[in-house]
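Every chain is named by a letter (A, B, C, D and E) in the order it is written, and numbering of its residues begins at 1.
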Amino acid sequence: MASISTLNTAAASFDAVSSQLASGPSGRKPRRIFAPRNIMLYGALTVAALYYLLPLYVMVVTSLKGMPEIRLGNIFSPPMEITFEPWVKAWAQACTGLNCDGLSRGFWNSVRILVPSVVVSIAIASVSGYALANWRFKGAELFFSILIIGAFIPYQVMIYPIVIVLRELGIYGTLTGLVIVHTIFGMPILTLLFRNYFASLPVELFKAARIDGAGFWQIYFRIMLPMSLPIFVVAMILQVTGIWNDFLFGVVFTRPDTYPMTVQLNNIVNSVQGVKEYNVNMAATLLTGAVPLIVYFLSGRLFVRGIAAGAVKG
Amino acid sequence: MHNTVSIDKQNSVSIRDLSLSFGSVTVLENLNLDIHDGEFLVLLGSSGCGKSTLLNCIAGLLEPTEGQIFIKDKNVTWEEPKDRGIGMVFQSYALYPQMSVEKNLSFGLRVAKVPQAEIDKRVARASEILQIQPLLKRKPAELSGGQRQRVAIGRALVRDVDVFLFDEPLSNLDAKLRSELRVEIKRLHQSLKNTMIYVTHDQIEALTLADRIAIMKNGIIQQLGDPTTIYNRPRNLFVAGFIGSPSMNFLHGELTKNSDKMVFSSNGVSFSLDGYDAAQPLQAGRKVVLGVRPEHIKVNENLGPEVHDATVDIEEPMGADNLLWLKHAGHTMSVRINGARRFNVGTPVKLSFDMSLASIFDAETEDRI
Amino acid sequence: MHNTVSIDKQNSVSIRDLSLSFGSVTVLENLNLDIHDGEFLVLLGSSGCGKSTLLNCIAGLLEPTEGQIFIKDKNVTWEEPKDRGIGMVFQSYALYPQMSVEKNLSFGLRVAKVPQAEIDKRVARASEILQIQPLLKRKPAELSGGQRQRVAIGRALVRDVDVFLFDEPLSNLDAKLRSELRVEIKRLHQSLKNTMIYVTHDQIEALTLADRIAIMKNGIIQQLGDPTTIYNRPRNLFVAGFIGSPSMNFLHGELTKNSDKMVFSSNGVSFSLDGYDAAQPLQAGRKVVLGVRPEHIKVNENLGPEVHDATVDIEEPMGADNLLWLKHAGHTMSVRINGARRFNVGTPVKLSFDMSLASIFDAETEDRI
Amino acid sequence: MAAHAPTGRPSQLFRNLNAKIASIPMMLVALVIFLGGTLWTVFYSFTNSRLLPRLNFVGLDQYERLWASSRWMISIQNLAIYGILSLIFSLVIGFILAALMDQKIRFENAFRTIFLYPFALSFIVTGLVWQWMLNPEFGIQSVIRSLGWTSFAFDPLYDPDIVIYGILIAALWQGTGLVMCLMLAGLRGIDEDIWKATRVDGIPMWKTYLLIIIPMMRPVFITTLVIIASGIVKVYDLVVAQTSGGPGNASEVPAKYVYDYMFQAQNLGQGFAASTMMLLTVAIIVVPWAYLEFGGRKRG
Amino acid sequence: ANATDLEVTHWWTSGGEAAAVGELAKAFDTTGNKWVDGAIAGSGSTARPIMISRITGGDPMGATQFNHGRQAEELVQEGLMRDLTAVAEKGKWKDVIRPLSLLDSCTIDGKIYCAPINIHSWQWLWLSNEAFEKAGTAVPKNWNEFVAAAPALQKAGIQPLALGGQPWQANGLFDVLIISLGGKDLYEKVYKDKDAEVAAGPEMAKIFAAAAQARDMAKGSNVQDWNQATNMVITGKAGGQIMGDWAQGEFQVAGKKAGTDYTCLPGLGLNEFLTTGGDAFYFPLQKDDAKSEAQDILAATIVDPKTQVAFNLKKGSLPIRGDVDLAAANDCMKKGLDILAKGSVITSTDQLVSADTTKQKEDLMSEFFANASITPEAAQKRFADIIGSAD
């Protein structure tokens, strides 16, 4: 990339003067680590990194303090006395109404919602993307355009019609219903990603497979799938974070005993009993964010690669 | 549209009145082509002229807008690719990256549920023919370009097809490998005797491989013939200019009568047409283009009766040959001479032209006279 | 590192003990090269051998790990690219896509705050030289490949530089355009007389353009010399095999003494070495490789005193030439003959070899004997 | 010689039947949910439906009331401010970060992870954290005051005039990482030779970015713009979590208006009218883009 | 009967509320069924949409809290709610429930669709004795004294009036001002008769002026939830709060004693009228007969005297029947009961105006209370518009 060359700019100009003095060999190669340019570069990055890290730091620190300490100290000071009480409370004891089992129940509910929703939505979107990219037929692009415009429609607008559709199908309030809702709303962006990705694969592969006699599904499973790891990772991350973090559908399309973690979080945070227990709130927040964060940390590198492959090419 | 079409029994592939448009863009128009059994036919043309489109139609990967395609006397216009008895080799190899070479070769057979013993036999035979036995366990990423292309050919080979389709199979290889694989493909054809249809924009490949060449431009076949005919008797200006490197020298001028003999004159210089084998009577006053290939001009040696003066403008030594760019009566002309003969820029030289190997085209219709 | 370096005053670019590594990979090692004023030097080598890296070092786009670079007697090792008096032309053209051709040409000058009148003058001159005046208002996307490359050259031209650097400027163009632009670059050099350093992996370009060619392999210059020398007297097996298409024929064998005369024998056939100009004394028993170029073998015509038997295996007619692949005593051998002479496959032929144009290499060191 | 009759084109319906079957979910979603749902919404916006959809048409009444409502006007205004600023800032910050990241730096992975991790968190979480950070009693304001600057005031969430900027800070924190990612991918896609050419031409770095690189990245910018814009129109959770629209109505946004009127006020008609207005805005932005992106271009 | 799980949704999640729900659940569980708690935190405005979508979506809960009044009107009309008339007749609700207007608002076309559980009145001023002590003034006896004491409180660094940021709180406060400062007639003219002229008139102007005063006094209470505001009063950080009787529960949970630690002034100490809004449970139609049976049992349980006592003591609200013994009730509750007994009751706004109008009022009030630049006159004009188009 460009960058190798630009890195050297400062160094080279620094030495330019000395080399003009004589035709002989110029001086020692200047040290580059503390070049002003590097200081600015890393300085800027570090400042930006601090801005991004600060909230995380505050969350962690606050969640490890007791309430008295929070009331006295400032939010940035490290805990004088580390306590895991808030974590325990957030996970297992915090109450919403009569239920005092914290986030733990919501966690498993979330997992139960997450797994089928991610699997189904990715499966359907990847097949649609594949059909769009490789098996173009009349009207396909029209449906796709509608889908893409659909990505911009505020969810609130769609809630009512969906309630009606699910009611007519008789699956309102069931896990199936929620999975369908997540699939629907994941569809536009995922289909776009998959379509772009499959379109970026060499079309000859597809042609070769057809000549070899493979049909729609054989090509999908035996040729396309094994080549699509990066985009599946992107889709997975998007869906895991999206579905895990979803609040609106979780609250509208489930019932209290199957509330996902975010709803539980909202309940805990908003069920103020006396004073706001910031430490418990922060612990609960961290616990809720943990799953997408872990998924992201583990596969972030593939995410960036996949984004480059699927999103940026239009 | 014809209602009945007669097809020569010897033909392996017949294309009748084929048209294809993408939306409003017509890529192929009313194309007819018969390819004989066992023939090596090369489709040659510049980029975007519709070669791949035609090949994809034959393969069944594109659906023609109009027309019919017959393979081995069977109308396959609406058949699935796999049912047409064709194998196809792509420029980008199109190997399945996640499968080993062996799996790549056998994929089509496995899809067709051929018994394992049969699969093994065919893979063994193909890999022996192509000498890729040691590579069978490798993934495509672990192969060189040439090896990949060999595997791609193998994939068509195992399927025991009647017709091989090649879409610029060698253009991703470097010059050296290209010439090696060219020889191998030629050898393969000599031993298998299948029908092969080969798309390329490289005239050397076309000239060396083809039994017949079809030269295409804008979706229309300009000339169909064996390489020698195409090289020596191009049917029109386009074919003449397209084949040969460096290009044929073209001189614009007109036919005039000079003491009973017809001559070509241009920029005040006249060329005797002795030895030219005209397809049509030559009429004085007709505006024409004279085409002479660089190797058909003699410089300072073995000069014929008519001698022209020129000076060396640029010299391009190319090892075995030496290419001279000469200034001659306001034209620039390229001449190919033996690589051992060298000239300095600015040297005056004498030329003579071999009219028996030249071509004359009507300036208007651009067709050969 | 040297402490003092003497530089030949006539040299335009001098490279001293240049080394460059990317991390642990050493790409260039201790490279020395002097390029004369006004010379056209071609760096030729296969992909990945370090040609671009060397060019980028000269341009100042990469910083060498060790060594010095002098341009016009000035040590520029640590200078900015713009201060080195170089212009560079890239394979991908690297035109600024959203600027018109005119803006592309003048952008560097405007940034350097050259007065507008001067800019106009230089742009006008460059576009006249390159005949791109009608294109000045267009955007790069509206140009053909050849036109783009011309604009890219123009960008170097307007900057009035001492040294032109070309990094495979023609490899993105098709064969026809490539040969046209090759001639133009040659003409440009003849008129400008600037120093030009030209990277390519195409031997035809190297042979036709270069005053001198530097053949590189793995970051080391294998041979530096004028095209004729390189073609006819390659210094080692690599150079011999790299240059020439189709490749030189190599026969592995040994030197033996046959009735007082040194002969080369291989697979039970012996070749007289009469006429070979040995650089070292020939010793019997030495394992060697005999290299003969395809055009230096005669078939059935003008045969010399020593005649070998062979049969035609494959024939590749290429228009002006005809390439025969022959079977001869267990070797396959390529021979280039006139395009008008045709042979059927399987025909027995007689060959004779011109030893004065052959090369003999030590089988061990691979150096020319 | 054998005569063969040409065959006609077989029915198109059954060609690639599997592909069509596999696309049924997509078609259903597009038609029934997105198109159907939208038309349904628009249709009912002309009724005076309350808690349940009813077919009592009242013409444009709902729209008249909507545009007379000061809360709707505030919402629109907020969306405009928030939208424009968040577009500008996320593009600028995202691009600058990407440009910095593109300098072959060490620890690239670490930096990238840091910039991108907020993206993994929900708006609910983001809103809570920033509510906490911006809380005048405990957050940044109190910290700075305790450092001695006692008159320091930074409590955007409690000041109606600037509350939308408080939301913006949180939104940027959450979203710029993704923008950076997209921009970085775009930068990495730029031909290396362009950079070399600009150095040989002696063009300063900032001019290179401004005059050459950014114009070259137009497609990436457009993609990014569309992604950000679709998020902006939908902004809801963040506001709810951070301010619930307060203080007063100062941080209300259209999506929240829709939700509140549909469900809290039990006036579906009003909510649908507001939705329709949002859809209209979206359509004005998106349809031309979608047309250029998907309609006008034929792929090979 | 064998145990049936009945899911009950409600938005009682604060300390006192949760304790009260616990009593209800306990009572229901002893009938041999099982209370499945479906608390949705936030407030009615968060929870109601969810409840409504579930009912209209065909996945109804066993029972759900609504404010009785017009919130569930359409659901009933749509036939989605269970008719409780039989249960009511069996439990003689018509005889025991007092005031009877509570049952009226559950009655549509002569059928009873909900079981009222408590009476909530909004018209209370809660004062922190500790705060006034600190400010060195006597604990006020009415709103006017409270306003007068505000500067002293401010000087002592105490927030005079605590007010949470949620719109319904500002809206409630304003309605309290109408009744307590303007009187029953004014209230009924505005909300019952929806008389826009009165709403724009001079009497209302006075109310708006008072609201502006309240706005000044509430400036700086940066809390969101009502109980956080109450907490300010409990801890002496604020002088007082206008909030419904449910605030009582918070004082109780905090272990504060009425009279000594805090003072409550019904009707702001001026006009001792209470509105009889409150909560009621609705029972969406179920397909499962066992569930329907359990619904009836729950409905009966809710109105049962024992449950009424247990629940309302914890909740701090008033029971819906006159025949229960509230010996354990504290000062404030007794004051409320007295007022009820006197018959000084007014229909609550929930019953008088639609949710739509309420929402518009909330929008106006929350804007007015948050933004000091809106003049009382401007606010009144918008108010009159809302009343003019109210239904």
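Operating definition for what follows: contacts are C-beta pairs under 8 Å (C-beta built on N, C-alpha and C of every residue); 3 or more make two chains touch, one makes a residue touch a chain.
Remember, it's a predicted structure, so these values are computed and weren't measured experimentally.
Following the contact convention of this document, A, C is the list of chains adjacent to both subunit B and subunit D.
Pairs A-D and A-B differ in how many C-beta pairs touch across them, and the larger number is found at A-D. If you average the Cα atoms of subunit C and of subunit E, the two centres end up 92 Å apart. Averaging Cα coordinates per chain places subunit C and subunit D 54 Å apart.
Chain geometry summary: the mean Cα position of subunit B and that of subunit C are 28 Å apart.
Work out the mean CA point of subunit D and of subunit E, and you get 39 Å between them. Residues of subunit D found to touch two or more other chains are 194, 196, 199, 259, 262. Annotation for subunit C: residues 60-61, 80, 83 touch two or more other chains. For subunit A, the set of residues touching two or more other chains reads 4-5, 9, 159-160, 266, 269.
Interface residues of subunit B, counted against subunit C in their complex, comprise 46-47, 174-176, 179, 182-183, 186-187, 190, 201-204, 207-209, 227-228, 231, 243-247, 293-295, 314, 316-320, 323, 325, 336, 339, 342, 345. Residues of subunit B that touch subunit D in their complex: 1-9, 16, 22-23, 67-68, 70, 73, 75, 77-78. Against subunit E, in their complex, subunit A makes its touches with residues 95-99, 159-160, 163-164, 166-167, 170, 172-174, 251-253, 255-257, 266-276.
Across the complex, subunit A is touched by residues 7, 9-10, 12-15, 18, 21-22, 25, 35-42, 46, 49-50, 53-54, 56-59, 61, 225, 227-228, 231, 250, 253-254 of subunit E. For subunit D in complex with subunit B, the touching residues are 1-7, 9-10, 298.
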